[in-house]
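Take a look at these structures.
Presented sequentially are two complexes of chain A, the first with chain B as partner and the second with chain C.
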Partner chain A sequence: MGHLLQYILNGLSKGSIYALIALGLVVIYRGTAHLNFAQGEMALFATFGAWWINDHGVPLWISIALAAIFAFVGGGVIEFGLIRPAGKKSPFAVIVVTIGLFQAMNSLSGLLFENAGTGLPFGSLFPNKPDDFWRISGSTVWRYQNIGVLVTVLVITGLLFALFQKTKIGLAMRMVANNPDSAKLSGVSVSRILMLSWALSAAIGAVGGGLVAGVNTNVNLATMFGVFLLASAAATLGGLDSPLGAIVGGLSLGVVESLVQNYPKDWPASDYIGADTAVAVAFLIILVVLLVKPAGLFGSSRVERV
Partner chain B sequence: MSALLEVSGLVAGYGAVQVLQGLDLTVNEGEVAVILGANGAGKTTTMRAISGMINRSGTINFAGNDISHTPAHEIVALGIAQVPQGRGTFTDLSVEDNLRAGAYTRSGESAAGIDADMREWYDIFPRLHERRAQKAGSLSGGEQQMLAISRALMSKPRLLLCDEPSLGLAPIITQELFAILGRLNTERGLSILVVEQNANLAVQIAHSVFVLETGSIVASGTAEEIAGNDSVRKAYLGY
Partner chain C sequence: MPTTRRAIRESSPLHWGIRTMGVAAIAFIAIYLASTAKPSTLGNITEACTLAIAAVGLNLLFGFNGQISIGHSTFAGLAAFTAGYTVNAWEWNPYVSLVVGLILCFLLGLALGLPALRLKGPYLALVTLAVAFVWPTIAAKFLDQKVKASTLKGTKLEPLSWTGLSVKGKDARLDKAIFLYWAAIVILVVSYVIVRNLRKSRIGRALVAVRDNETAAAVMGVNLKLTKTVTFGISAAIAGASGWITAARLATMDETTFTILSSIKYLLALFLGGAATLVGPIVGAFAYFFVDDYLKEHAPEWDWLPGPLSKGPVASFLLGVLVIAFVFVAPFGIVGFVKDQVRKVFVIAPRPLRPAPSTAEQAMPTTEEPRPADQGPETQGRVDT
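Let's turn to the complex of A and B:
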């Protein structure tokens, strides 16, 4: 059991990235009940953008911030130009459009950035030399890299919660999420809020992509695929319309993944259980949770007392 | 008596189904108007057409502006607030956030003015104050209706549209509700257009009554005139 804390710390850091991407999914889902399949690949495109800006001599953090601003605008444009017209036809049309976007964003990245397939070197965002860690006790250490990722995600989450709970625009977003008709009857332009949701979600994704690339010190066309898979699982686990659920879902999936990946190494059975088992176990847990609580851990099942 | 809302030749419906076939009605400043009608006559459609929630044609004049092409969220800012059928509560938001939601269009104002109005509604409905931090979905039907009216009036409208406010409420709560609507009209001069199945209660606070059948107004007049019309009285007031 000696490594338990170590595995949990590592898992929290990875899980916080899932949580961030899941948060982006939830921000869009709350407004329109659309699952944005392109969330990961939009983030990938923005991350290539950050790489490109950084490659022109701009510091990495500023490059990611600029890419997030670019993604914010791009997300709004995508909502206005593609999602809104498709949504007027049918909700299924939107699903097809987001799947198409998934493909398009990936291909566009491959087209615009040379060697995107094999990968481009991405700087580390936090001190990451072998001895950059904080010793907690004995052999248990908390690497600055892991602390940095977790803190960044928590800060962004905190800002987002403040936006939702403390500002007028956040109130409007919660109104639209809860009851679009009543939001309209209270004077909220629902279409403007949906555009803002896409913009916000794309910007969150851009930061998430930057964190992933920073941890991997590399960005390539497959960077976001596995992350998106687990992030969408995290959002489902937490309840697709709950920001808190996305955070709890992401962090717990990260920890489960880390435990399942690492523990078998301590056991004699390690020859039979590979690291890939982690994803299977994570999805098994989701299956069980959804059987017991179909709306997810924190999702609203929309029950109303009359 | 000047007309606050003048609707003429209103046509509206859902997709290919046309529900309203050239409806005319007028609500005077400071008066309560009631629309009576059977299920499916087009009462809710009328309300949704006026507030801009569905496509409509014809003219809708409100306080001198033609609002027949104005989108719903801008109509609120012009001074029409609607309490939709089923109350339209933001069930996941707290009671207090529901009231703030109602004040959404009052952007130019100081927070103090909005807070003062909120306190006023808490004085009128102390139950809302007790439960201000609770999710609005946990309130009883009657409390939600009180919240819905408070929420709509937080936008400081000149005209309140109420769609079947008594729906699903106990008779005693319904009576209380109409007493409050009556007081809002007499004490604050609020103009109200109300659609109601419970015709007897509604007619008591009404200045004018419109009878709606299959998408157009078939009879209209003062409350006394309508109560004196035998066929309407039998059909809608039941005595």
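Let's turn to the complex of A and C:
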């Protein structure tokens, strides 16, 4: 059991990245009830942007911030130019547009940035030398990188919650999420809020992409795919319309993944459960949770009027 | 309604004539291609057919029953691996492996249909996405444990003797391609007929009722659980048939043969052709496959594209852009678009209803439902074959 804390700490930092991307999904879902399949690839594009800015001599943190601003604008433009008009066409149109965006964004990254397929070197965001850790007890250590990722995510989450709960814009966003028609009647510009949701979500994704690339010290075309899938699982687990759910879902998914990856090594079933099937086990747990609570842990279940 | 539009009476001789000619034209093209095309072209058509079969299966589930699945690549993979393994390791007859694969897919579909009873819309989408995500890791594990290699051989399907196609000799490659081509077409036609007959029957009406309003359907006596899970199972089995063709077509398969990207391809084919129409998935699959193929072959040579677009994965980028642009032109898919255009020229008028019983004593509940004049995108494909 000596390693339990270690595995949990590692899992928390991994899970915090899932939580951040999941938060981006939730912000969009609350507004429009659409799943953004391109969330990961939009973040990937922004991360390549951060790499490009960094390549021109700008410090890494500032480049990620600039990329997030760029993503903020880009997300708004995508909502205004593609998603909104598509939504008026047919119910399937938005799904198709986000799938098309998924493909277009990924290959655009490949087109604009040379050697994007094999990977571009990305600096580490936090001190990450072999002895950069905080010893908790015995062999259990908390690496500065893991602390840094977790703290960054928590800070961003805190800012978002402050935005949702303490500002007028946040109030309008919650109104739109709760009941768009009433929000419109109360004078909230629903379309502007939706645009803001997409912009915000893209910016969150850009930061998430930067964190992933910083941990991997590399960014390539496949970087965000797996992260996006796990983040979407985290959002499902937490409830697609609950920001708190995204955080809890992401962190717990990270911890479960880390535990399943490391623990069953000595079990008789280790031939079947191990590092490579950790994701499968995590998904199985999610499925069981969803069977009990179909709208996720914190999601609001809609009552159907007959 | 402008009076200049011609109305064609449903099931009138003219209507039957148009339909027969449509089917005859398709049959003629299929035979013509089989007798003249190169093996590579036949291979492409076979591959397009596998995409079409999976899309037809997905259409039954999503188009008609409203349950989205991004996990259909798993079913294709399961059937393909079942076939590849049983044929190579246990020397089963490939056709027996098809049947067993379909049964396994049906059962897995039923199993996945159970959680689908509780999950709606995006939750179901994400759970099925997770299934598709997990499949490659399970497949890799299976290869490790059972095959002790990183790949699994295909089924090496050989032409049956009664077809007169040669198994050995100089024409063997062409003949094998022809055989696979016909096998794929037969399975596609069978899947289409199954879905069409289901849709036109009482079950099909139940499926659509469940899609449009579950509560109302349940109130009217539709067994929700049975309908939804069995639909999932049948849809999964059809996707499995597509996987079986893939296993016959490929020399080797590995865990990357059936990934989420295949599932996304099925979905795109369905949407591009027109979801909830009978021929939509087939039209969409062929359009998607051949546009993709054309772009992959020619786009890298296009010099007129600006700067960075002239190299790298330009085909995949253009395909993504085309897909997005297409949605704005034809939001209900190719079939929806064509129907809108055709409707400007002539309409198919429904059959007149059976005359009502003359007296109150004879009044019986009529078994034939009145057909709404304009069913929108849901209108069944009658003239577009």
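FYI, the second predicted complex is superposed on the first by the 292 of 306 C-alpha atoms of A that agree within 3 Å, B and C clash if a C-alpha of one lies under 4 Å from a C-alpha of the other, contacts with A are read in each partner's own complex, and residues count from 1 in each chain.
Rule of thumb we're sticking to: contacts are C-beta pairs under 8 Å (C-beta built on N, C-alpha and C of every residue); 3 or more make two chains touch, one makes a residue touch a chain.
All figures in this text were calculated on a predicted structure; none of them were measured in a lab.
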item	value
Partner chain(s) touched by A:Ser182 [first = chain B, second = chain C, both, neither]	first
First (chain B), second (chain C), both or neither touched by A:Ser300	first
Which superposed partner A:Val190 touches (first chain B, second chain C, both, neither)	first
Partner chain(s) touched by A:Leu171 [first = chain B, second = chain C, both, neither]	first
First, second, both or neither for A:Leu163, with chain B first and chain C second	neither
Which superposed partner A:Thr236 touches (first chain B, second chain C, both, neither)	second
Chain B and chain C contact sites that coincide on chain A, given as residue numbers	304, 306
Contact footprint of chain B on chain A as seen in their complex	168, 171-172, 174-175, 177-179, 181-190, 300, 302-306
Residue ranges of chain C touching chain A (in the complex, touch as defined)	115, 118-123, 125-127, 129-131, 133-134, 137-138, 140-141, 145, 215, 219, 260, 264, 267-268, 271-272, 275, 308-309, 311-314, 316-317, 319-324, 327-328, 331-332, 377
Complex contacts: residues of chain B adjacent to chain A	51, 53, 71-74, 76-77, 81-82, 84, 88-93, 97, 100-102, 104-105, 107, 137-141, 151, 155, 168
Residues of chain A defined as touching chain C within the complex	29, 33, 35, 82, 85-86, 89-90, 92-93, 95-97, 99-108, 110-112, 229, 232-233, 235-236, 240, 271-272, 276-277, 279-280, 283, 286-287, 290-291, 294-296, 304, 306
